[in-house]
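What follows is a set of structures for review.
Next, two complexes with subunit A in common: one pairs it with subunit B, the other with subunit C.
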Partner chain A sequence: MAVHGSTVTSLPHGSSNDQATPPIPPERTVRSRSEKMNARRARTGWLFIAPFGIVFVAFLLAPLAYALYLSLFTKGLATGTRFTGLENYLHAFSDPQFLKGVWFVVRFSMVLIPVQMAVSLAAALVLDHLTTRLARFSRLMIFLPYAVPAVIGALMWGFLYSPTFGPMQQVFSLFHASAPFLLSQDNVFYGLLNVVTWQWAGYYMIIIYAALQGIDPSLYEAARIDGASAWQVAFRIKVPLVSSALVLILIFALIGTLQFFSEPQILGPVANGSITPDFTPNIYAFNLAFGYAQFNYASAISFSLGIIVFIAVYVFMFATRKKGSTLS
Partner chain B sequence: MSAVTTVVPAGTRMHRPRRNLVAHVFLGVLVLYFLAPIWWLFVASTKDAQGLFAGSAGAMWFDKNFNLFANIQDLFTYNGGEYVQWLGNSLLYALSGGLGATAISVLAGYGFAKYKFRGRNLTFALLLGAVMVPMTALVIPTFILMSNLKLTDTVWAVILPSLLSPFGVYLMRVYTAEAVPDELLDAARVDGAGELRTFFQVSLPLLRPALVTVLLLSVVGTWNNYFLPLAMLSTEKLYPLTVGIGLWEQLASSNNGGGHSLWSLIIVGSFISIIPLVVAFLTLQKYWQGGLSLGSLK
Partner chain C sequence: MSAAALAATLAACSGGGDTAAAGSAKTCTNKIVHADAPKVSVWAWYPNMATVVDNFNNSHTDVQVCWTIAGQGAPEYAKFQTAIQAGKGAPDVIMLEADQLTGFELQNALVDLSKYGAADVKKNFSAGSWKDVSQGDSVYAIPVDGGPMAMIYRKDVLDKYGVKPPTTWAEYEAAAQKVKDAGGPAFGDLGSNVPAALTALMAQKGAVPFTYDLADQKNISIHLDSQPAKDVLNYWAGLVKKGLVGTQDQFTTDYISGMVGGKYATYISAAWAPGYLTGSGVGKGKERGTFAVAPLPQWNPSNPVSVNWGGSTFAVTSQASDQKLAAEVAKGLYADDASLTDGWKTQTIFPLNQNVLKSDAFTNNAVDFFGGQTANKDIYIPAENAYKGFNYSPFSVYYYAQLQAETVKINSGKISGDEAATELQGIMVNYAKSQGFTVN
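Here is the complex of A and B:
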């Protein structure tokens, strides 16, 4: 894992600092001066981190703690706000609307992530293999959707799906057929799948591509001398060597998909009711908070979602780390 | 689209023509897929309301009337020029949030990478945990906290939470550890430079690629953000583009008959809104293309 590796590589810096002190003659003045310097340097280190620390406490720890606090209370019309312990969580995990949303995002990420990975990995491998001008041009064009806000991306696809002025209907009417409406109850899963793949595959492709470019080309030479084909080089050498980039992408995709909000929220008004107010956990929490002023229950939903994501990512990281170590 | 036709000659010049031809066709298909919606957006924003719904040349080609400039004029003057206001707000939020987050990240990343102090590993572990926290789960509690401080529905409600970028700190730490040698810092200290001067004059220039990458990532993140401003803001004058266009979309789809002219405004508005970032990415590609791989460094 990249995370693990970076902490390991930073250790030598620290230990070299420690080892720098022994060779100096053990005079009292020198040692106390270097100790004072170390203390001052530690303080400087904290000062560098301080601005981030303030933002971190104010906009991450405080909201998390406050959400936890709020979620332990319930506001009733007659009773006022009172402490109810874990009742909101018991309610949430037996609330069919919340569970339906969780099930949707879990199902969605299980289909989306492999599709996205396949597209971005294939594109990156091809782009790494070719050095033509078209390949350079393609790399930029495939990446371009990343610069488009999710709101605009969703709107564009909403228009393209539109039966009244989208191109799909025109293509299908050439064959005297009517186009499927990709935002209908049955198709909305695939309609959204396409929007999100379009939006993010290019970004993931660039990350994998950059990792591929960092591989030492002499490895390919050696493999070719041993008689490896281009396919073997791609799947036996390139893919394993960029596995840390793949893990990073998987984690991004997982975190992003479980908190799915913008795209379904934007496509809601043009989807003829197939995107409901409880479509994903985030949309549900948003509507509870701002539609029904149920801030306590909405906090419990937000906090539950955060925990689900956190656990999912940790389970996933644990699983991939295990696998990586047995392979090597 | 003419670039796609150059596939064949470029491919045949290679050693293994057939495989490269297949690879180029694959790329061509991908480019078509990724560009088609943006092409459609451009074409559609040149049409008038009538051409949009009953155009002569289909959805993917220009109508006989080229209406782009009239549409832009409509867009900028509609409802007292609220679009221009939103554009300005988006710029303000993205630049202040992005610059602030980058400055905070580079300082913290440098502190983590180059200073030894008690509690460093613990705080860094905390930070890595924070990368896993879904930011949208924080929006509703942050809203309630800020409303207690009477800060909701102000620009601060959008800018201040955007300053938080644990991933930016992580990138900066990884990059600093690789790019700034300890010997260089020691040499600067021996020469009598203070810690701050060493940071600004010795280290910062070496960190430029990572700096540009973190800046781009956080500007894009703030510019594209929808959930946070949607929750925080209720005054339309404070909306960024994403929330403003979302509002138009709701208005347009709730009254189907009178909404036609609003649909063409939404389309031109969407087209204009993607131009700044597309231009930024195309002109700064030298910097971000290498920088984006930072997070996966071993």
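Here is the complex of A and C:
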């Protein structure tokens, strides 16, 4: 609204033709008519936004507000509910189980995101370079894991990792060795890393690939005329030009990983106990609420995680604000 | 405009919720025989529940059961917990394992059935199993089945290595060592996901992890680091360390395939285990009759102790619209001869009803899974009759999660049994305090 108003007032000053028009009364009528029109436009605008607005309020803002409200109370099994203000938050940030989960997802994203980006960027660059039918087929194949629902994918990996049935075990037994159990306490980090990379790299590849397709081919032509090799074209032209897509992916991946839930939750039953009820902050919140009947504290945990995600994303966007012009 | 629409949306939401809760009568898994009779909604997951519900509905004209499967164990408890928090959405009658009762009782989610004639059916049950559903004079559920524990073993494996079924835990370890030295399979298994079984084994040595009385809501005693508890954890940690038992989580496909392949010589488990194993394809084909069962090994053979793992009950929730009618269902469902017979013949349940336990057919049943052994008469009925009951904590889900985490640490060799017991005690005391209990 503010922008709209300022353009209207600045118009007469900007154009010399307007200054030349002499009669004043018509101007007043024009203005009042345009004000009416503006009001009607605004109403229409709100109407158009309404369907989204209602859904947004009902399914996002209202639950958020309710969760915030819940998080300000404390209910023990042996005590009634009482208002405790920010006590749950103080408790959360000194709760070793919550902090352990946070540390896990932070570590996990620090390893996962670079791996995922490297894989998807490499795939996108290769596919962009090739124009054969095989490339189109490969593009589909790399994207396919993303089309598999996360739950199905996780179940499938549970089977692949199985020390009894898994194909890995069969391969290793050819050499009279036993395969490592990738969901054991020491290996679960890598086991999950593999599942998530498999699941998401294809999706990120498509985003980067789409950005690559948007680059003006004359740039490549110019580069080739200047004697640039294919590698140089890739790293000096393509990568810098898709950097905003990379930033976008990074933020998606960061948010997704900090909220890590589905895969460990699904793989939990076959992980021989290495995926604990406090494995990630979201799993912890889930178990607090639905397993231990602590809805208030679970709300506080969820909000604390939200704060951490917000800070992480903000810091990241601030750090990359020059490169990712679309996001800053 | 938008506010009105928003209100409409919200109204639609809550309307939907209402239909799901109250109208579950419309979405029964079973057929309603007498459409005019009032309906009582039931959540349960017994594998033969369809037969049980039909038996009930066919023989009752004054009330009809509307049955839903809301998940097996933990998923059902999570839904019930959510319904308690929401104040609506719970069924009238719910199937709960005995170890979950105290926690829900404390939240006033269950109805005291003593005022609805629970005493009428008390005579049908052993003192131990009745104690498990009672708090003082109050009765919060009607027992259906139990899980007296015993040692299931592979006859073929024990014969091959010349080992007799051990009767004490010392013999158990010696036999395990002998089998291992001869290049045999693991003798047993310490799965981290069966904390209830491990707790029962601790109780067998005399540990009393929790003492809690609902009449005195704020006070609880926690003794998870008592010497008997430490002894049992140390014993199993020792077996793991020496490589005598496996560390595979149970009820997983990996574990079942190990059972099929003879990877575990014994299975310390409850009376319902054969039904479960049979359902998963164990003991069939060429392995038919390779299993047998012996009494649970003892610490002190001159003073044998019987313990229980699992078993379920029917409780009436405080959200039930007609508590009296719901209590009738809790008392009568899965209590008729036809249903109980179907249950024990398919080895789905080990019934707690004394009429069945004393019946000739049940007592002398030659159990096919155990190669025709009269397992009920020889092993399970004596074990059930000797069961004294157990005092459960009001936060079983949390406790089990912590014991599971400690078992994982034991299984990976990171800590000893002593350390696990001490850690567990610290965690549980802190938790109880944070929940407002006074820990003695």
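A few remarks follow.
Please note the rule applied: the second predicted complex is superposed on the first by the 286 of 328 C-alpha atoms of A that agree within 3 Å, B and C clash if a C-alpha of one lies under 4 Å from a C-alpha of the other, contacts with A are read in each partner's own complex, and residues count from 1 in each chain.
Just so we're on the same page, a residue touches a chain if its C-beta (ideal position, glycine included) is under 8 Å from a C-beta of that chain, and two chains touch if they have at least 3 such contacts.
On a predicted model such as this, the values are computed, not experimentally measured, just so you know.
Comparing subunit B with subunit C, more residues of subunit A are touched by B.
By the touch criterion stated above, A:85 is placed in contact with neither subunit B nor subunit C. In the superposition on chain A, contact of A:292 is made with subunit C only, not with subunit B.
By the touch criterion stated above, A:240 is placed in contact with neither subunit B nor subunit C. Once chain A of one complex is fitted onto chain A of the other, the partner contacts of A:185 are limited to subunit C, with no touch recorded for subunit B.
With both structures placed on the common chain, the touch criterion links A:198 to subunit B but leaves subunit C unconnected.
In the superposition on chain A, A:114 makes contact with neither subunit B nor subunit C.
In the superposition on chain A, contact is made by A:276 with subunit C only, not with subunit B. Touch criterion met: A:77 reaches subunit C, while subunit B stays clear of it.
Annotation: subunit A residues 46-47, 53, 58, 164-165, 269-270, 289-290, 295 touch subunit B in one complex and subunit C in the other. Contacts from subunit A toward subunit B in the complex involve residues 2-3, 5-7, 9-10, 13-14, 16-17, 38, 41-49, 51-53, 55-56, 58-60, 62-64, 66-67, 70, 119, 122-123, 126-127, 129-130, 132-135, 137-138, 140-153, 155-157, 159-160, 164-167, 170, 198, 201-203, 206-207, 210-211, 213-214, 230, 242, 244-245, 247-248, 251, 255, 258-259, 261-262, 265-266, 269-270, 282, 285-286, 289-290, 295, 298-299, 302-303, 305-306, 309-310, 313-314. Of all the residues in subunit A, the ones that touch subunit C in their complex are 46-47, 50, 53-54, 57-58, 76-79, 162-165, 184-186, 269-274, 276-277, 287, 289-293, 295.
The touching residues of subunit B, when paired with subunit A in their complex, are 3-4, 6-7, 10-11, 19-20, 23-24, 26-28, 30-31, 33-38, 40-41, 44, 52-53, 55, 58-60, 103-105, 107-108, 110-118, 120-121, 123-124, 127-130, 132-145, 160-161, 163-164, 166, 169, 173-174, 177, 182, 195, 199, 220, 223-224, 226-227, 230-231, 241-242, 245-246, 249-250, 253-254, 266-267, 270, 273-274, 277-278, 280-282, 285, 289-290, 292-293, 295-298.
Residues of subunit C touching subunit A in their complex: 1-2, 5-6, 9-10, 13, 74, 77-78, 81-82, 84-85, 103, 106-107, 192-193, 217-218, 247-249, 252-254, 257-258, 394-395, 397-398, 401, 404-405, 407-408, 411-412, 434-437.
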